[in-house]
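Data first, discussion second: the structure below is written as structure tokens.
Per-chain numbering from 1; labels A, B, C and D assigned in written order.
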Amino acid sequence: MSLLTDLPRIPYEGPQSKNPLAFKHYDANRLVMGKPMKDHLKFSLAWWHAMSATGLDMFGPGTADKTFGEAPGTMEHARAKVDQGFDFMQKLGIEYFCFHDVDLVPEGKSLEETNRRLDDITDYIKAKMQGTNIRCLWGTANLFSHPRYMNGAGSSNSVDVYCHAAAQLKKAIECTVKLGGTGYTFWGGREGYETLLNTDMKFEQENIAKLMRMAVDYARSIGFTGTFYIEPKPKEPMKHQYDFDAATAIGFLRQYGLDKDFKLNIEANHATLAGHTFQHDLRVAAMNDMLGSVDANQGDLLLGWDTDQFPADVYETTLAMYEILKSGGLKGGLNFDAKNRRPSYTMKDMAEGFILGMDAFALGLKKAAAIIEDGRVDGFVKERYASFDSDLGRKIRKDEATLGELAERAIKQGQAPLPGSGRQEYLEGVVNSVLFSGE
Amino acid sequence: MSLLTDLPRIPYEGPQSKNPLAFKHYDANRLVMGKPMKDHLKFSLAWWHAMSATGLDMFGPGTADKTFGEAPGTMEHARAKVDQGFDFMQKLGIEYFCFHDVDLVPEGKSLEETNRRLDDITDYIKAKMQGTNIRCLWGTANLFSHPRYMNGAGSSNSVDVYCHAAAQLKKAIECTVKLGGTGYTFWGGREGYETLLNTDMKFEQENIAKLMRMAVDYARSIGFTGTFYIEPKPKEPMKHQYDFDAATAIGFLRQYGLDKDFKLNIEANHATLAGHTFQHDLRVAAMNDMLGSVDANQGDLLLGWDTDQFPADVYETTLAMYEILKSGGLKGGLNFDAKNRRPSYTMKDMAEGFILGMDAFALGLKKAAAIIEDGRVDGFVKERYASFDSDLGRKIRKDEATLGELAERAIKQGQAPLPGSGRQEYLEGVVNSVLFSGE
Amino acid sequence: MSLLTDLPRIPYEGPQSKNPLAFKHYDANRLVMGKPMKDHLKFSLAWWHAMSATGLDMFGPGTADKTFGEAPGTMEHARAKVDQGFDFMQKLGIEYFCFHDVDLVPEGKSLEETNRRLDDITDYIKAKMQGTNIRCLWGTANLFSHPRYMNGAGSSNSVDVYCHAAAQLKKAIECTVKLGGTGYTFWGGREGYETLLNTDMKFEQENIAKLMRMAVDYARSIGFTGTFYIEPKPKEPMKHQYDFDAATAIGFLRQYGLDKDFKLNIEANHATLAGHTFQHDLRVAAMNDMLGSVDANQGDLLLGWDTDQFPADVYETTLAMYEILKSGGLKGGLNFDAKNRRPSYTMKDMAEGFILGMDAFALGLKKAAAIIEDGRVDGFVKERYASFDSDLGRKIRKDEATLGELAERAIKQGQAPLPGSGRQEYLEGVVNSVLFSGE
Amino acid sequence: MSLLTDLPRIPYEGPQSKNPLAFKHYDANRLVMGKPMKDHLKFSLAWWHAMSATGLDMFGPGTADKTFGEAPGTMEHARAKVDQGFDFMQKLGIEYFCFHDVDLVPEGKSLEETNRRLDDITDYIKAKMQGTNIRCLWGTANLFSHPRYMNGAGSSNSVDVYCHAAAQLKKAIECTVKLGGTGYTFWGGREGYETLLNTDMKFEQENIAKLMRMAVDYARSIGFTGTFYIEPKPKEPMKHQYDFDAATAIGFLRQYGLDKDFKLNIEANHATLAGHTFQHDLRVAAMNDMLGSVDANQGDLLLGWDTDQFPADVYETTLAMYEILKSGGLKGGLNFDAKNRRPSYTMKDMAEGFILGMDAFALGLKKAAAIIEDGRVDGFVKERYASFDSDLGRKIRKDEATLGELAERAIKQGQAPLPGSGRQEYLEGVVNSVLFSGE
């Protein structure tokens, strides 16, 4: 089977099913907390991994055949990817997709040629979208692969490269708007450095901010009302990337006045490369009202690179969906920035990867809702800070207390009693209870 | 509540129970694959964490009160720990315990004094064991805490320290035999180095092996028929410890002819500090017929030190129990080398920690058995290597093939076909199906 | 030798000296770039490691004897530490010290008692300072060791603990002012979480900011004109600490309007635990005009905890001093938050540790100055961004360009030429040339 | 400059030279400890990085042009690489090279075609070697890049792939023998697993051993008298590779009786990925008499993948050469398994990379010899274990002591005195003294 169109439609068959090509948990229209699963999750297919990547790694070429019967590097191939991709999305019930410019078409000899190809393919995609529920979640420009971007795009030391980046960016925004994209994403894969010995970090970061500002202004001028996203990643390919993690990216956006137009696109595996849990970076984004969208994948904490695995760990998906539900839900969606392992190279493996990930998130959604409904976790947290509901606590919270006053109080009270137990083991037990309530 | 004896007996109430002080999955006599849960799991209480540790860390003293109404450093306290510990084990249905010499009694001014105290306390424990099902899983000597062991015990540069270690070792073996211990464990916490600049690694490793040899000879001479264990750990407290991981420890044991008397005691968190999964080190031990016992805990892969958390991740416990079941079961048991987080400081937290861990392993056992009974994983693995069942495959396996013959065959066959897909995503989906079949 | 007062004065003897108790590179009054070494470096002794810590780790008690002939826990001991410490500083030519409240005196039964002890000891220290060049670099309160701070101080869930922290903070500020301290530092060792399951991160961070605000207001009200510092550390003891790294701490300070009063105290080993080089976090602080002071030590990148080693790697000290010189020098100083390895337990080892570190930084200073004077590195960086000196470049830099204009330019120019080589290997060769020019 | 032949010859100009294209420390015929530098170091060019790699990474294609005026994938290109490579080696004074089969020629449609190409190119190389001092250090077969090896070669689940590997292996051995190679290397880049869920680890390891056995037998039968090497690497590309580190590989070789024919090829960056220092893995190999050859490069300890940088850190090269000198020198050599950073893409960068690495090792050699001649480090180590020169110590060392005897001795001696200080800080100071004696 070399075509995705040879796959059957993927039905929901429930937890007992042993059919590899069926969902066990993702039941698109099932209501969870009053909203259909599909609207909570808004799964998205990533054009780069799903339609383009073949399993290449640093030690060997790809194993999967994604030619779909056409010669790579041609517009026929570009259109075959659209046909196959839309068919695949419909079979799995995926209603969103994300793209880089160069995933859609092969780069031409000149910007004009590439832009013409982008015009063609977006016409083709737009026509394809007619009569379907499929929408564009977000678009982006690949400003990191071509050798010209070896030192970044916004952070490049070359003003010519900076202009080239601006041109790609402008076109990618136009394509996103044309396809009705709800967002536009910046992933700064080479916006960073290899060595501080040759780097003016301040200069580079200012230039990145300027480029983003110009992009926002242009996009708004052509009617884009969606959200811009920064997708943090700490390293790889560069030794250091400026959008290190959620906290760093938020600090950057605020410093340069970009926080009104931007939110974050949090990727699980990028968070862990930065030394955080996925849940942590979701929380940081959410509590700053900067949680926008999610790149759904899973890393391997014993490996030091971005493995982009299909999400499988239901603890992770549950805690992620818990943060998302508590924050009021995503404006964006769950984009599968995930790929099969290199030895899983068939079209069936690709379907099984998506099923794995969609089921893991569907189960995570159900379980996160169950944790909230159960109430023990949230109730414990509320209770834990109750001492700040006192008069004194409220005074502190309202910035009406002074150090002297608090110190006096402390001396009067004598030894402060220990705070109540954090009961971590109990809470972990509660989570296990909810996760495995049916066992 | 400052006494463990204030706790109620912990009943099994099933998955739906919301009682924090009840088991949801551990049902001691329930049969799994024809054997009671408790005989699969053989849970053990570790005297150091459970009865002695208070939550001290590098940045502050302990938070938990484990005086049990007696002054620390006295034999009254030592006996109170026995009383409390046995009561706790009986309330949770734990039938094994492990100890270091210095967990049982405070060290005296001289070896003789310490040894007399050990005689007393082991009399006391032995009497306590009468009429219970409680047994000693293994004993050990603490050859790493006292300043004299700053450079290790077997690896010490000082022959006087080496002798002191021998004396402690001898007594700890005698105590273990007296208490009917089924094993004796070496954890080489300071058998390693801080800097290679001052270290003769070969000399040190030879001396460790000699000490182990003497220990085996002595133990056998006094009738010890149990198993010796090495517990690998790669680092912490030292920069490097010689028993780095399972593969390294097995190589060491074979090099010095100790592999007939020793097996490994694999600790989850030590495996991960060495860059392996827990399952990996269990597999390495098992396939070399060196899997003996397990220190059951859980680390945090984003932290670089031994957190010794109570096991909570059911993926981990399932895959661990899968390896253990496939290897024919443990000779040793599951020793809770685990402790509460510092802010979980009450006696109730301690009970909840054990309940968390015992339930996680009980559920892991049920799920591992279910994976085996399901058969899809094992069947896939068997099928995957089927090409070696051919005539040629068998010839290779019997060492009857030559390079020339295989090369000739390759040339004749033309391009080798790709191996079949590894189907990792499918298999991860199968595991999720088994884990969450009731949801 | 159990007293520091038994040590000889440490002379400068030059690079050829083989005297372990002599400086090979630190020559206090030697001019480097027109300023005496000692004013560039402003070495400081940390009361906690130097005068108090004995080498305790999680696996055993201390090895070094720091009783100085007095019983620990008494004011006699507290004064003996002052006597020994001042003698030691004078013998090494160290002109600054840093302290936590509880390093200076043993905590009393009540805040009043502790405060009285602090009054006594600061009188004693103040008298001791008379006629010496020794000054207080910064002071701080230990708001992390006592069990009451198990969940942090500013981030504690208990309003009583929050008040107790305020009281300690107030007194520590008063002591700092009394001793003429040039700074006051916040290290948030437990300002973070063990598990997100029980944590309201937003609430906690707001409360920390409020406490800092009150501290600033109080300190200013009693005449403190020095700088406040945050010392970032990502984890340990907690699973996650809020002041993760320089970028995160700067974002926090700006968010809560604290950036006018605060700068950063960057610690080498904390930077590396966060996944950054020491140089990186210095650069981030400096380019935001937030570089204040430095905790000088060295970690082991293969170990996951804070080893706080005396700095020995001259690459590290050179690159650190390069950042410091380029930023115009430190307002604060180089505080040796460093300790001997546990098996280096004598008073002589302590002296040798300081000599190692002071020589490493002195050599680093000379080499950093040599890199700047050599000019090849700085010249290369300047040249590297030269294309932004063009008309177009300047327009971009002045926010006068638009995306459309840059895109047009890109289309007109055709394929952007590759940027010039980053020449990392050449630059690393230049650094080696400067470091080893005399070999 | 697109040709290496445009480079000038690289002279030795001494430490003061500012000529980027000159050696500052590598003076080939200078005697160190009585032997010319070039015989200590035996530098080798790696055909894959130097002549073939262009800087491709997972996020973009290569930046360097290594076509040398010919079309990639042709024998003209293969020969151009030989011409350029030999010219480059002669200009730098490199006397050894290493190769994989597929670095030398593009793979043909069939094994026969590839083999014919290998015959041609080895004829060409052999002719080229005439009249030069250039020799083959070792050869190897690439058994990891082609999709057929997605699950490894010796560890493949497919007997057809196993045979294909045997055929490549046979030919690569023949080429190595033809070129007079002094060694043959196995790097098991895919000999490992992606997931234990589909893996029979024991079966796979046995099959690898069998393939190695057949390879040895064949090679000896055609007159190969050189050494076989295993090159350990813990992970990347696979989740886990079986030759994890030196200790693991030695254990494997002994288990399967391969330790007479094999030694280890230790790579700096692979050691650090396994959690060890480079020096550690050299020491482990050397003390087991298994140190054969070295892949000279440098990793970045803050990055989790193999960066293969040119060695620049003189601490690292000094400690490596110290281990090598103490072990009696390498049978193999120092192979530059190193590549330029992606933004260093010119032919001049390549020369500067080699100069950086060769100078770093030359300086490391001089400094290692100086440490040995200085004698303080070795003297300290010898003295440190002196207590084992006593009668009792000797008895222990000769396996004539018993546990009972040592215990008795300990009781008689009373409290063992603390061992003498390890003096790590002093020793680090000695190393700095030797490294920077001229400053």
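We adopt the following convention: a contact is a pair of C-beta atoms (placed from the backbone, for glycine too) under 8 Å apart; a residue touches a chain by one contact, two chains touch by 3 or more.
Nothing here was measured: the structure is a model prediction, and the numbers come from that model.
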Where chain B and chain C overlap in contact partners, by chain label: A, D
Quick note, more Cb pairs in contact for A-C or C-D? It is A-C
From the mean C-alpha coordinate of chain A to that of chain C, what's the distance rounded to whole Å? 36
Chain C to chain D: how many Å between their CA centres? 38
For chain A, residue numbers touching 2 or more other chains are 63, 147, 150-151, 194-195, 235, 275-277, 302, 341, 343, 345, 418-419, 422-424, 428, 431
Listed in rising order, chain D residues that touch chain C in their complex are 15-18, 20, 24-25, 63, 272, 275-277, 301-302, 310, 312-315, 340-341, 343-346, 348-349, 352-353, 355-356, 359-360, 363, 366-367, 376, 418-419, 421-426, 428-429, 431-433, 435-439
Note which residues of chain B are touching chain D in the complex, please. 110-112, 147-148, 150-151, 156-164, 166-167, 169-171, 194-203, 206-207, 210, 213-215, 217-218, 234-235, 240, 244-245, 247-248, 250-251, 254-255, 274-277, 279-280, 283-284, 287, 319, 377, 380-381, 384-385, 387-388, 390, 392-393, 396-397, 399, 401-404, 406-411, 413-420, 422-424, 427-428, 431
In the complex with chain C, residue positions of chain B that touch it: 56-63, 144-147, 149-151, 189-190, 194-195, 235-237, 239, 273, 300, 302-306, 341-343, 345
